[in-house]
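Look at the two complexes coming up: subunit A is in both, with subunit B in one and subunit C in the other.
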Partner chain A sequence: MHAMIRKMRQWNRSLWLGFALVLCVPVNAEEIFVVVNANTSVDKLNRSQVINIFMGRSHFLGEESNVIPLDIRSDKQTKALFYEQLIKRSLSEVQSYWARLMFSGDATPPKQITSYTEIRKMLRDYKGAIAYLPASEFQPDLHDDLKVVYVLKEP
Partner chain B sequence: MHSLKLRNSLVFQALVVFILFVVCIGAINIALNYSIGKESIRLNTLSSANGLLNTVEPSAQVAAFLNDKNLAKEIVRGLLSNDLVAKATLLDSSNNELSSDHKEIQTFNVAVNKELYSPFDTGEVVGVIKVELNQAVISRLNRSYLFNLLMPLALQTLAVSLIIALFIWQYIKPKVEAFLEDINNLDLEKGEVLPLTTKKSEVDALRGYINHLIERMYNLVKTERLLRNKSEIQQRKFQAIYDNARSGIALSDRDGKILSLNNACTFICQSINSEADTGTNLINLLAANDYEVQTELSVCLKDSTRLHLEIFYPNNAPDGGIWLQISLTPVDDTSVMAIINDITALKKESLEAKLQARTDPLTQLGNRLGFDQEFKKRINKTAQGLQSLTLMTIDLDQFKQVNDRLGHDVGDQVLLYVANQLQEVIRQNDYCARIGGDEFNILLDNMDQTQSAVIARRIVDSFKFPIHLTEQTHVCIGASIGVVFVPQGVQAQKESLLKRADRTMYKIKHNGKNNFAIVDYSVSA
Partner chain C sequence: MKTKLIVFISCVCWSLSGAALDASRLSDDLYIYGFGTLAAVYNSDDNVDFIRTQEQSQGRYNRVNFNNDSRIGLHLNYRPNGVIGAEAQALVRYGLGNHYELLLSTATLKFKFGNRWQGRLGKFPYEGFYRADSVLAGYSYLWARPPVEFYNFNILSSIDGASISHSLHTRSGKYTARLYGGWVSTDISTSKDIDKLNVGRSPVHGITLEFSRHQWSLSASWSELLVDEIPERFSAENQIPEETPGFDTLISVLNGTETSAFKSEYLSFGTAYEPNNWRFTAAIGRVLGDGNVLPDKVDWYTSIGYRFNQLTPYLLLSGSKSDSIPSISLGISPETDRALNRLRMDTQSDQMSLGIGARYELTTQAFLKMQYDRIDSDANPSFLWTNEDPDWDGDTNLFTIGLDFTF
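Showing the complex of A and B:
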């Protein structure tokens, strides 16, 4: 009888743990903004334009002929989410895509930047820079020298 | 057995037919298989080309997506390393060539295209990859397919032909030859049959059947011989009859040409002054001058009907001629048998008998029967207007007394004398008959009343004088005569004519006898 009650308690505990985990998911599923320098002539991009820029097809951003796409190196979660939502590819697939083009292609992969602070700095410094930021790293009123050209939402 | 020529050998013929048959079947088989195979090769080729394209598709998509000529070149080179591929081309979304290459000295044939979609957006076409296949390789594949198809078939045909040839040579041929040998050695005259084995194969069935045929033929021939012997005997009998018959027998064709005749026939024909021989015409022979008989005979020959004729042939002999009886009988479709008999003797006899019946035996004048016939004949002729007729009825006076007084012999002598006297008076064509004891009738042709009266007067006068029968015996008789004249064209009744003559005659008898009276039949009494 006692053993049975003890077992039930154990089961109870693991149930609660599961609940907590489920509740964590909405925290990760935040919006991702595609952001450029506020002075850029471009105000809005469509999905395919974003893909072309980040996958090395397009070298233009409005009048800028030297577009510099930026990748976050540290926040793997956001990076994965971004590529997942944009082109439905995993990070390793994206990696092999670029690896294939290493020797033959003219296309170059996005620059790998270590922190969001540095990304924001590069966005401010280069008119051709373009990057993605999770909602937590971007407050429109705080960062008025940047502008959002595309919003990735969870489907 | 004489050796067979190869061309005529059963084995050879069977083999040729069989090989032809197998080759035909094989050819049809190959043609069918080849057309099916060719299509399947084409489909296989296409699917392997598609497979190739599928393999390179992801890379090609990227190359087209990025317009990356280096990557495109690598892909094209990779495709060309395959034997099947003769030419490969990668085009971007605006159909500009990213890269293209082909092998040297190749004929291009089948082209396979594949549209390339963006690797990240399956809705966007970013280019086309095009591959042309090497015809030489496809042909080589076809050839090897055909060869693989043909070889086993050829080998199979050869093997089966050999087996069948061996079978026929070893098994069928000796049997057939033995069979032929057996048939060759048969003595059919003796009714020999083929030896039978106990095994029941088709050959034995055939032997049995042939034996059956032989037995039937043998029996038929035997029966035939028997029949022939019988018919020979029959023929000899007929020949004897034919040769020895007194009847003339002649066989003629439908035109009357004599095919054969017997001796009697020749003899009979000689008696009517005709030369009979084979080839002579029967109609000319029997009726050279008589057109009517000629027609009758030729109609009979043509229509194959039977005919009986009795023909008189006059000649210079004292008898006056020859009677022949001729019978024609059709024998078959082409010939007619004529049987000719000389019936002159018979005819003569019957004529004499007839004459006898009409003649009075004592006086050799006509009797009542003869008179009746002649009377009818002449009445008819008169009625037809061909003549006039005079009837005289003569009754002798005092004859009864002579007969009673001197006896019948004298009476008969008197009658004979009277008959002679009457015949002296009349002409040859006139007719005189003794109707009864002392009654005579006379018929005169074409004499008018005056002439008739002259004749009557002469008769009366001829009995004026006594008749000297011997030196001692002489008798006196007279004649009373009733004469009736029937003019030309008058139809007289026999009975009434006789009655009128009698009446006239009796009138004379009552009025003194030994006279005559004449009346005209057309003037009624």
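Showing the complex of A and C:
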């Protein structure tokens, strides 16, 4: 009986230790950068401006009046994290939001791009393009033709 | 029928698999995407049948009904350049003919004039009330169905005509003003005795103002509809016994002033506020009728929800109440006045519903919605109820379960 109680206590300790570890390890702690062409006149955006651009409510990016927001198609995890942190909505809710606008013919969602390489190319080619990149896909030294206008951080 | 079912189920599976994450691009200029709902509605009351819109037949329905909400739609968007474009939407849903019907709900040419002006020509969604432009796509909604009270009068889903809109994208958000006019392109059913009422060719026009930013969206609209052909059920000759004293005077009074045609104005205001995980929506509409056919009334609803990861439980409260009308006297006889006032009272409505539901996200493109509605009708609950038994007390419970998806 005593052995059994001792074993249960050990399990209990292990469980608490495991739980504490789960709490300590940050999940998806990577920063997400909102990036534009380095020649764009805008240097910084606030949260509301980023939201308005990615939700189709603003066409302005500094002096550029034809902003082209870009979405990553292949990296669902980053995409979900971006919208969750930016507007507190799940991807399903974002889809619902766009469904209403698309099916009523009122607006079109951000362009869906298959890879980060293609996104970076579009950012270089179009002054009005704007996209989000996880830290692993953006290195300031390597990508000096792009600039960060907003940073989303895990709260 | 079997082929249709296979196509329908295939679309559901495709959507559930998450394979089709975004609009399918057929070419650089042409996009195709679709939506659908597979749903069942259970009506707890044997004494009455329920229909979702007046664009559905008023025939007999089972207590468990798979036809009220189930539908599938395809949307084509052609954008060869930034100036012109075209859109078309086809929908298969249960209609007036007591079977699934193919409906062309949108067929529009679009023109852009600079960054701010846009014109549309063709068939496009009616937008007389808050978020009416996407009423056909269940995936757009938080709740399982539009509240009965708010949508009962709004019989129009699309119009044939033209619109012009002006959008202003500012740093604070987006402002849009849209002016439209045309003709109704919908048939509706008004009673089980009449197959359908063709309200097509009836002119409709209106204006919508919208503002959206960050967590807010606001919309205000006004529209006016003129229907020349009135439903037979409202015809005075069919409802007043010929032997009623002063019958001819009564008919001429009603026909001459009130029931020969009807015009109605609709004022609507709606808002959505979505801070963090909270979801709040409210809308109110004011019908300004034109006599006995449509009395003045107010429709409203409000919903509040909170998202816990994939699950969003919500509450929905809605109501519809017509203005009380004072009795009038023609001075012919009490019997004449009673007949007249009974006819006028027949279009009164007073109904409230309480809904409790939840939306569960299965994938980014499909969710399951369950909803319970308690409906209390106090006066002539006629709009979306059919085959009413005289014993029906006006109350019923509806249980809805539906799978909404896009592909």
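For the reader, a short list of remarks on this structure follows.
Keep this in mind: the second predicted complex is superposed on the first by the 125 of 155 C-alpha atoms of A that agree within 3 Å, B and C clash if a C-alpha of one lies under 4 Å from a C-alpha of the other, contacts with A are read in each partner's own complex, and residues count from 1 in each chain.
By definition in this document, contacts are C-beta pairs under 8 Å (C-beta built on N, C-alpha and C of every residue); 3 or more make two chains touch, one makes a residue touch a chain.
The structure presented is a predicted model; accordingly, all values stated were derived computationally and were not measured.
Bringing the complexes onto one copy of subunit A puts subunit B in a clash with subunit C.
Contacts of A:D106 after superposition on the shared chain: both subunit B and subunit C are touched. In the superposition on chain A, contact of A:L91 is made with subunit C only, not with subunit B. In the superposed pair of complexes, A:N39 makes contact with neither subunit B nor subunit C. Once chain A of one complex is fitted onto chain A of the other, the partner contacts of A:Q49 are limited to subunit C, with no touch recorded for subunit B. Number of subunit A residues touched is higher for C, counting subunit B against subunit C. In the superposed model, A:Q139 lies in contact with neither subunit B nor subunit C. Stretch 129-137 is the one of subunit C that runs into subunit B, the other listed stretches 129-137, 345-353 or 363-371 having no clashing C-alpha atoms.
Looking at subunit A, you'll find residues 48, 51, 55-57, 87-89, 100-101, 104-106 touch subunit B in one structure and subunit C in the other. Those residues of subunit C lying in contact with subunit A across their complex are 21-23, 33, 35, 73, 75, 77, 79, 87, 89, 106, 108, 110, 115, 120, 124-125, 127, 131, 133-134, 136-137, 139-142, 169-174, 212-215, 274-277, 307, 309-310, 361, 363-365, 367, 406. Put simply, subunit A touches subunit B in their complex at residues 48, 51, 55-57, 86-89, 97, 100-101, 104-107.
Subunit A makes touch with subunit C in their complex at residues 48-49, 51-52, 55-60, 65-66, 71, 73, 76, 87-93, 95-96, 99-106, 108-109, 112.
If you check the complex, the residues on subunit B that touch subunit A are 59, 62, 65-68, 70-71, 74, 118-121, 124.
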